[in-house]
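Below is one structure; the comments refer to it alone.
Chain lettering (A, B and C) follows the sequence in which the chains are written, and residue indices restart at 1 in each chain.
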Amino acid sequence: MLMPPAALEALLFAAGEPFQKKQLSKLLDISLEQLDTVIGVLGRSLKDHGLTLIVTDTDVELRTAPEASDIVKKLHEDELARDLGKGSLETLAVIAYQTGGADVECSGTSRGEIDWVRGVNSSASIRTLLLRGIIEGREDEHDKRRVRYSLTTEALAHLGITRTADLPRFDELQDSTRAIVKEKEITDAPTI
Amino acid sequence: MNQTPLKLNFNIQTEAYHGPFELVLDLIEARKLLVNDLALASITEDFISHVRAQATFPIEETTNFIQLSATLLLIKSKSLIPDLILSEEENADISDLKRRLEAYEKVREATRELARIFGKSLMLPAGIRAPEPFFAPSRDLSQDTLAEALARVIAARETVEELPEARVKSLVSIEEVMDKLAKRVQGALTLSFKDFAGDKGEKVEIIVSFLALLELMKQGTVAAEQYHQHGDIRISHTASASVPRYG
Amino acid sequence: MLMPPAALEALLFAAGEPFQKKQLSKLLDISLEQLDTVIGVLGRSLKDHGLTLIVTDTDVELRTAPEASDIVKKLHEDELARDLGKGSLETLAVIAYQTGGADVECSGTSRGEIDWVRGVNSSASIRTLLLRGIIEGREDEHDKRRVRYSLTTEALAHLGITRTADLPRFDELQDSTRAIVKEKEITDAPTI
């Protein structure tokens, strides 16, 4: 069995954002007082580690240690200065061409559609594009759990266009892309 | 076996799907045998009945099953008539099949191990913090690189979907395979008939009924019996002196 | 100053996705050999914590520990692992048990090798695994037209293990499979 401090660490890590103490005590099935003890134990065990706990009256959060700020900053600079690369460009292209055009019925592209067209998992690419402000996600009107991605206005400006329909070979490439997406709807069935 | 015909290549494998190797191993395991010539010879009829009962394999899978049937029939024939001379290619097919089955046995075990643990202890990635959006484009982001990227993706899909077509060429019917083999076996039998005198008379009988069996299967009569996958062998070489029941 | 293992931990946490070893060695300004040592040290220091390192030939990722599975599942109930179909699981097994090890000249498994051992066309299964991010394809170093597939950190995370060598009965099931495939490469026999 996992000790409470380790369980707390796993929860905070997977959450990625501040976690309410109230909610944590429920999840871990301990009292708020016990939780404070557990937070103390975890905090001390993170000494000499690259992570640290930020604790307020109501919340707890796992963060990179302040001593690591230089190297983490270097990482982000590195990430932002880098070329997008093949995977992210393909992902962006699917979003750009699949979205928009004459019929505005289809606003944005879902992750499942991108994965399907590319034939590989695109989570990492979507993450990169989001972090760089090139795409943004919006809740699907029909399915609240699904997010649809589209290009940001900054990205359009960078490309020197006002709408994606101005992209080269737009009609042709959009038709092919949408035909592939249709295929998905037909075969969206049992796991293989 | 629950096999439904499916429209698209990438949907072939339903949960109940049995590949040709799997069928061979199931048949061998049902007889508590190890993978060797003897075992392969003993499951040949069952395997073929099975293939014949499946009218709805996707075309490419049928090729796999028929090619495997052909190799099994060779092994069977050789076990009945040791004098049957196999070509170098045929021998290579047989040893290749045995190696693949040995490998596949391991894969089956490995698959069982993975099925046991897959998804049981999930390890989650770090949660994504809502990004503070600030725009950071790159040098490789332009209208042209985007169009190229999408064209590349579309082209890659097309080549993937064209691939399976090339394999269908080798398609032959199981009847052709049986015909050819029946002729070979009959030929070998005539040539070496004198070897089968005396106490070997029993063997002649076995071979003759094997040929009769090939003929029956060709006509579809045996297949009409619809074997249960793990069911009894109604026709084996020990019982083959009696004509299989049908009708 | 932060020690390299702590710096590595901070970077992996901040990245939130698999990190290429090559890129890490650059960021931390250490050699790949040194990086392996640092990975080892961090891995050991995470014992009794709620986090763990997943290491493949090319990547490292920080993830919640397998023991924390039950508690973190409560967080993401909606996106829990869907089971894989039989064909995909079998294809995964072929790839899993042939990858890794120090003496592999070519890492990864080609589609031809998978088809050879399964006796059926595996493109559908490969596609499913790619879509789910469980395997990734890389160009063969010797033959650019061929793609070789290997496990991602996502695959190991679903299997609850930190490296391929921890697969059940790995030595037993791996060695024999590899020996057989090697033989095949020599004779390069036709299909079935």
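Before moving on, here are some points about what is shown:
Just so it is clear, a residue touches a chain if its C-beta (ideal position, glycine included) is under 8 Å from a C-beta of that chain, and two chains touch if they have at least 3 such contacts.
Only a predicted model underlies this, so the values are computations on that prediction, with no experimental measurement involved.
A comparison of C-alpha centroids places C closest to the centre of the full protein. If you compare A-B with B-C, the chain pair joined by more contacting C-beta pairs is B-C. One inter-chain figure worth recording: subunit A and subunit C are separated by 22 Å, centre to centre, where each centre is the mean of the chain's CA atoms. If you average the Cα atoms of subunit A and of subunit B, the two centres end up 43 Å apart. Each chain gets a centre from the mean of its Cα atoms; for subunit B and subunit C, those two points are 30 Å apart.
Shown for subunit B are the residues that touch two or more other chains, namely 10-11, 13-15, 124-129, 160. Residue positions of subunit C touching 2 or more other chains, listed in rising order: 13, 15-17, 62, 64-65, 67-68, 72, 75-76, 83-85, 87-88, 124-125, 127.
For subunit A in complex with subunit B, the touching residues are 10, 13-17, 80, 82-86, 89-90, 92-94, 96-97, 117-119, 127, 130-134, 136, 152, 154-155, 158-161, 167-169, 173, 176-177, 180, 183, 186-187, 189-190, 192. By the touch criterion given at the top, residues 9-15, 17, 19-22, 60-61, 64, 67-68, 71, 92-93, 96-97, 99-100, 102-104, 106-111, 113-129, 160, 163-164, 167 of subunit B touch subunit C in their complex. Subunit B meets subunit A in the complex at residues 7-8, 10-11, 13-15, 124-131, 133-147, 149-154, 156-157, 160.
Every residue of subunit A that touches subunit C in the complex is listed here, in rising order: 1-3, 5-11, 13-16, 27-28, 45, 48-51, 62, 64-65, 67-68, 71-72, 74-76, 78, 115-116, 119-121, 123-124, 127, 145, 190-192.
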